[in-house]
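When the chains are written out, they are named A, B, C and D in that same order, and each has its own residue count from 1.
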């Protein structure tokens, strides 16, 4: 059975430990963390796991693959070392803090002939998968636009701003759904509480085939929102992740332009059909993700969120941040 | 008593007729429309009103003031004529279809020493007024950002796109609340159904004192949203106009940065207090607006949404539309 | 065309006047009210209608049918007179203030060979009709129970208590859906604000074929609720009349008892399918109702809510009120 | 430090184990379960705890107190034994399956001079405590009525019906808030899926000082509801436990009867004030409860939900079930 090691059991790592232990597809074999206390706690819960305070030592053991759940700034070094040691690697999102590093990891994985996957968990969640099916089946028609809101109060991150922390989720969902990277990206934001670190931001994306997308992310909004609206020419979808019972709603609604007949001008008609909230699988996204990683290792398949996918997400973030509002270049009020 | 005439009883005009008749502050004296059928219907309901199929004729009668509720493209000519005939004028929003025309109307009103008001009805609605009070009292603290969503399915307009139709409301609210015009404005949108006429758009605004704002407007979204979120340093407010019972919620919440003490680094603390949904007056915004117009005429006061205010709204729209996403100028994906 | 007269244009009557005028199936021919001011207002809006301050005089005119929208206590006398004058009669709900009088009206109508209908408007509303279709098609399976909540703050009625004012709606819906009158009915309530007039009440009903129902009605609850839950063996429905966009939700959910196999005991399994919110016709219930009345007159069909139906509703109310909580007869705490 | 033992780590017990371990007020010292596998799992998580497969053996050890989280039918025997061994006892709700047994436990505790507490967890939850404060402070005025809805789909219990499973929570809350037991109780229900075991039930309660209460409980409803509405003469409260952010809403609303002045009859006026959703402590009810138990042991105080309280809850259930709908005794439809 595929033996997995885990690097980092701070904030998110313990959840990965839990699903590694829960899965019947792999063996949770080793675990490392610089913090002995955190490591101890994990080892007590999973007595058969070997513990390391040095990740490099663990990477020299007989594990087949490794999951990296450390701070973003350490992703690149750890993933590169693991690939060079011949391990398959799953790195938490974002894959790296620059696209250059992400690009380099993709090259390293190719050279090492090892699998590189990015832990974009939302791509493995039942509602996101369901929407992907609707998109691929053509049921939604052509996609006109998507609107994302991911806001709440609190949980400021230390090392990154709100775009790297929250928009990364929406961008991964967007790229998975549309199957392409944006050709243009733009952003606008404000650092309200801390100097030089945006806690609210708005992003816009343009895709080659037509769709546009808007994304609002904030750590400083009074109501929690986790809402995505997808508008297609045939159907529309609202995915509200805060709704405990009806996360997805599919609207059989639309507007159609009828060619001019006797009337001499184009006519708009509105179509109002049923709303369907499909029953969704209750499997945990993180378990799906880890088992997808293991299955790809076992079958030699390319993961849904491989290194290239992780790179595209980082590129989209960088593009949006580069195209930040620069007033001087714009036409301003007289 | 101040005698009022009404030009245009098509889509919105009948509502103005109703409140002109209802108000005890003025006399609904005359009414004109090119369409005799529509005019007839109004005259039957309000038998004491004189009817005209020619607006110019009505403007020569003894009315003191006129409300113009015709198509946008005719606002300028009618308002100018009315001002030149010495009538006080209230024009429906937007005041004109270009800022040059709006500017001209402001000048005409000054020359004629007549009152010019723009019918930005939301500025006269109880929740919007309540938020203005909170802002002016300092209860919300410094304003960090505002986020507007005004979307639904349908009600495409013939003569204008979605920015002129819907964003005009949000911009009027924004200018009223902040008491200043934006220094920068930007927009991004798509014409999904009709050629060259956006039915979904996103706008961003920057204000001199710091606040930023985002505004999403759409005619092609499955769920109706009429939601504004205002985030201040002391309090936050959500105004949801689709909520029949609790339109406003005031959140005593925030994030604070504590200077470094013994810890060596800045500390973030979250404040979580009560949520209050204030009871709001149930007066009709349109009646408030019309009576405000009449009171301003009677007392010589400048209306809250005078010609200059209407001009600022048109300028903000024009600025956002000019600064439309122009991909060639932007850094794009490699 | 069938000529209709209307008696009573106080609180509810003007709405009936509006739809009588709007309908192309009948002629709104005459109108009466004791209050000359109210009558005047209606006559000005509908100039072709003849006005009467004496209902009996109107009943002697050439109208074919009459709608009675007066206070409950006057229903009986007016309806009886109208039937005796050979008019078809639609009486507002409840048909009379006692079942004896209701019974008598049914007999009068039979004797006069005239149509007698009760104005249970909800029975003509699109969501209620849609549920009836689901019930009749067998899609919901056997009905286990129904739970009604009709509560809000205010609108105390002068002449009746909360059961006669609000529960009358739920009972009409219940009888229409189940197609039978309850065999047992019970009630429990309290007069909170006024002496001897319940402003909150709970009712229970038992039906011969199995279903049970509970109904909560109140004039003194902080949140408005207009909610009905229908639980069937195959599907469940929630009808929330306060939801502007998804009034009906059909749940493909259930619990099933599997016979004991190897396990030795009965197994419960839960079925969780999709939720569908059907698109509903947007026709106005009151217009549907009035046109149903006219169509029944023209075709000689029995109305859905005929006199007998109105009588059954009154009987159910009387039964529930008679079986009021009487502590002395019950087993009480030691 | 007070040493605690836990009997039963099946469904609910592991949660108690967690808070016993988490609390700094007591020592989680011993644990017993008939099922070795379940016991093992707990002992691995809490290595310092001694394990027993025989509860009686554990009761002979040096623990000071015991928490009983076994099936309802075993509560009585286990609690009696524990009291006789001189242990303080906290029993999960309901304290016993008959009031006779509950009464006996109260007597045993008195004889043994040991503390007996019932685990009515809701009584220790922040929203329920907040409402109790509002009630005791007089802020709500006189209580007119309370309406409870506790319904959802699934989680059928093996040993008890829906009244013993779900209504027990509402009754504990009701008795805590009002500070008295009901003088009358009545119930109505139906066994939809299984023979002779109600899965939906409605209960009514009458209290000596005036308040009435209604309670709907169901295992077979499509939407989850955890809603309590409290109507007082001065203020009204809605407690919706499914709302993640605003569980409590306090309505400054009411109806008042003004004595007749010049008008000759009583006038009703409606008061519509603000709605306040107080920020609530985020402490876990179960931890509160366990620490309350420990504190009462240490200080000799009577617990809020002592044996007598648990007995009153069982009596109220028994009274409601005895006064079940018995059609033959009631006036029925002709």
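Points to keep in mind about this one:
To be clear about the criterion, contacts are C-beta pairs under 8 Å (C-beta built on N, C-alpha and C of every residue); 3 or more make two chains touch, one makes a residue touch a chain.
All values derive from a computational prediction rather than experimental measurement.
When the C-beta pairs in contact are tallied for A-D and for A-C, the bigger tally goes to A-C.
Chain centre most remote from that of chain C: A (centre = mean of CA atoms). Computed centre separation for the pair chain A/chain C is 52 angstrom, with centres defined by C-alpha atoms. Taking each chain's centre as the mean of its C-alpha atoms, chain A lies 42 Å from chain D. Looking at chain B, one finds that residues 223, 272 touch two or more other chains. Residue ranges on chain C touching chain A, taken from their complex, read 246, 252, 272-279. Residues 144-145, 147, 153-154, 156, 181-186, 188-190, 192-194, 199-200, 202, 204, 206, 210, 212, 214, 216, 218-223, 229, 231, 233, 236-238, 249, 251, 253, 255-257, 266, 268, 270, 272, 315-316, 319, 322-323, 325, 327, 329-334 of chain D are the ones that touch chain C when the two sit in their complex.
Taken together, the chain B residues at the contact with chain C in this complex read 44-45, 47, 223-224, 242, 244-245.
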